[in-house]
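Structures are listed in the sections that come next.
One chain, subunit A, links the two complexes that follow: it is found with subunit B in the first and with subunit C in the second.
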Partner chain A sequence: MYGRRASQLLKEVDSCEAGQLVPFNSDVFDQVIRECNEHNTQFQSLIRKMVEQNLDIETTRNDDHYGAAVHHLSLLRNKRCLMAYMYNRAEVIQSFRWKIGPVLPHEIQEKLHFSEKEYFKNHSAAIKSYMSEMDIDLTVDMVPPKDPYIQVRVLEDIGEVSLGDHSISLTKNSLHFLRRTDTEQFISQGLMEEFLE
Partner chain B sequence: MLWSSGELSSASRSSAAPSFEKVTYSANGPETKAQNTSFSLARPTTTQPPTPSRAAPSPPAGVLAAAAPNLRVDLPPLAGRRRHHLGVCQLLMSSWEDDDSAAAAAAAASTDVELLKRAWRNEKASPEILRFDSPLVSRVREQIQLLEETLDDFGESGVDDLVVSLYQMDLDRTLFLLRSYLRLRLQKIEKYMMHISKSEDLLSRLSQQEQRFAKSCTEMMEKHLEQSVLSKLPYGYDSVTRQSLSSTEDDMVPEPQLDTFVFCKTKSDVGAFQLDDIGEEVVDLVADDLYVLRYKSIKGLVESGQIDLI
Partner chain C sequence: MPGYYDIDDILMEEEPISVVFQVSANGVGLLDPGAERNSVEKGAKVDLPFWLAHGLLSLEQAVSINVPPCFTQKTRKEIQADAACVDLRIRCPYFYELGCKIVPLVNDRSIGLFLRYAFTSRYKEILSKSHSSSMMTVPKFVPRLTKEEAQVFESARDSMTAFKKWRAGGVRLQKASILGRKRKTKLPDGPSAP
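Coming up: the complex of A and B.
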């Protein structure tokens, strides 16, 4: 059935948990692209056949016309599916910039198409240039602040860090009571977590 | 469908809003410098409601006593009747009964932080991007800087830690509000970049930096789609915005749903207001009422500031 493979791609995106990404399915993607080109060849040959029979392609309503229409519409559907697939993935990739940061971990990198990696990089750069133009860091303060200080647990050895007027040693599994603004970058990098009793 | 960064979801909207109620601290202990500072980030011209008899002997107690009574929730609990009128669900609210608190509320509503909060809430609830208020944002940023300097001074002069942390909290909240506002707008631009960059009217609502962001975003997205999909499709089917050559207009651009319903609150009496083009649905908009209406029909009122989205 025409268009089935393309809808498979979208089902993959849809069944995936919101905000997550499945690996780029290049097999099916390429198959759909081939299908598109096949549709186009068929479409062209049907049109050519009508022209050879000296029929007006605008007004004639014969078998070949409807055949061509089916190919045209299948191609459109495939195109829409491919675009939706890429676009929805791009939206998730955009959200990674806000949730994870400018560098994607290896396991996400693996799931991306090469063009998507490039897109992520360019998109991060655009956000970065906006932030430097505005002179404000928008990647911190993602949740409304409740208290200026929070208790954190250090997950990895970070070493000596200077915070404002004093420096502290952040060793693995130690607990600290710090200013929320100082901890945010460590938390987003996964080096610390908020300690909730 | 896959949009999930949270900023645009209504869930985070309700959880975020109440935690940033404005706190009017008046640290009027004689030992502190606080009394000289416009701490509540009020516009310089705005006079704060007087906080009588809250001067306490020690600064911390004074701060706390002053802070607590002024913590207020914007919306009084929904009370009274519900009226169904022409398919419009209208929720009536009890108005402020206490004159004193009403006056305080009016004064609080005119501070820049309050204005920013309103802009932020409107932006959060509206399906499309609203006009960027650059004078407001630059005023708020000035005040943030002022507060940061004040905090630095405090650090040097050894002001009580509790006072400092209250100031810090106020600063943090304001900073969050500002960041969240700018972030929300960027995420809206990301979502509707092609739609926005097509229309002069929408582009003019953005700040210059946002316009640049929208432009580079659109270029990048087009390039990405071009090299991953479109370049592999046959001739005639390779446009980003149109399905094929036979489309006469752009039919593949994601647009915001302006038909969606929004919760809104009137600020003043608007009177009989026509919801549709043909005048079949007219609703009487009374001051300080809550309504659930289609965004499209009240768009003009939101833009002119007669109604707030919540």
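Coming up: the complex of A and C.
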């Protein structure tokens, strides 16, 4: 009660490294919602008591009013904590699309609440739709380019991939001289690394 | 001014504040450990989280707020003696943020000057150490910093690291940090089409 449990959610987010995610804490989240219902019940009960005494609830400042004020402030506090929890996680989830691409690895997927998976899917679809419409890839050139081509070493077997007008076999430990825009997503996913001689 | 969703601001407002109730309040006995029935009596001295103390004072004039212990003479004398060595985190992890918010709510007009003095005295030490320390170690004094000071330290250290990296050249594209290091990345179904 009184915001204690709600702030626990944000302590989890705060202790997590920036840009990382901890599993969604459904238990505490649901408990806070139940607390909100309890605060609301108590609030309504105190207001009802004032009404039954024919007091003007707009102007009266008695013991019941101040008790109701505490419950009201507690509701606002819980609301802020819950919304900040969702919002800050949503920011990180958005950043995944830009860093990893449209498919999330399983170890990240399992940390998301169902609604967060939907959010990522919809965010991804919106970006894809916009990029199709504008015929531009917004997710490349995350670092200012020096050269249109880059030498890369393949870290994991990727297989046969179509790049532009030809296909190429990306076998583990092979070296390739490719267009930088074709490689950025693979590098970001950890499947390739930039190779400097 | 921190936004509604700012996590540090929300956590800072969880700090306990000693208040005296100027009114009685029904239905909230849990707030007062000494309460005999489900209410807080007028005159009761209670520790409330800042967000509640602030709300009750600003919106309802229902409480008066006492100066938190981290801003009293004891801490001030320690800061004046040797600012860089004082463990402010243990007194209040959000020392400066709380201080800025408490000033309008209490009668002590000197808290603002004290905050400025503490920060300027400690800042120089924080900055010089951030430039000389490696990313691999945590200097001995870091656990004594407040959250705000730790952020200054980390920013300065990151800035120095980024500068050295830029000057040295080297790879510029790298794996997304979310995926971590030395872990087998599962290939999604079929190769990704960038």
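Structure notes:
Here is the rule we use: the second predicted complex is superposed on the first by the 179 of 197 C-alpha atoms of A that agree within 3 Å, B and C clash if a C-alpha of one lies under 4 Å from a C-alpha of the other, contacts with A are read in each partner's own complex, and residues count from 1 in each chain.
Following the convention adopted for this analysis, a residue touches a chain if its C-beta (ideal position, glycine included) is under 8 Å from a C-beta of that chain, and two chains touch if they have at least 3 such contacts.
Predicted model only: the values in this text are computed from it and were never measured.
Once chain A of one complex is fitted onto chain A of the other, the partner contacts of A:Leu46 are limited to subunit C, with no touch recorded for subunit B.
Residue contacts after overlaying the shared chain place A:Met1 against subunit C, while subunit B stays out of touching range. When the two structures are aligned on the shared chain, A:Tyr87 is found in touch with subunit B and with subunit C. Look at A:Thr181: by the touch rule set out above, it reaches both subunit B and subunit C.
In the superposition on chain A, A:Val103 contacts subunit C only, with no contact to subunit B. In the superposition on chain A, A:Val13 contacts both subunit B and subunit C. In the superposition on chain A, contact of A:Gln189 is made with subunit C only, not with subunit B.
Looking at the superposed arrangement, the partner reaching more residues of subunit A, out of subunit B and subunit C, is C. Overlaid on A, the two complexes show subunit B and subunit C touching the same residues of subunit A, namely 13-14, 19, 76, 80, 83, 87-88, 95, 99, 137, 140, 143, 146, 180-181. Residues 1-5, 7, 15-16, 19-20, 141, 155, 165, 168-169, 172-173, 175-176, 178-180, 182-183, 186-187, 190-191, 209-210, 212-213, 216-217, 220-221, 223-225, 227-229, 232-234, 237, 243-244, 252, 254 of subunit B are the ones that touch subunit A when the two sit in their complex.
Across the interface of their complex, subunit B is touched by residues 13-14, 18-19, 33, 36-37, 40, 72, 75-76, 79-80, 82-83, 86-88, 90-92, 94-95, 98-99, 113, 115-116, 118-119, 122-123, 126-127, 129-130, 133-134, 136-138, 140-141, 143-149, 165, 180-181 of subunit A. For subunit C in complex with subunit A, the residues that touch the partner chain are 4-8, 10-11, 13-14, 23-28, 30-31, 39, 49, 51-52, 55-56, 59-60, 62, 170-179, 184-189, 191-194. Only residues 1-4, 7, 10-11, 13-14, 19-21, 42, 45-46, 49, 61, 63-64, 66-71, 73-74, 76-77, 80-81, 83-84, 87-88, 95-96, 99-103, 105-106, 108, 137, 139-140, 142-143, 146, 150, 156-162, 170, 180-191, 193-194, 196 of subunit A touch subunit C when the two sit together in their complex.
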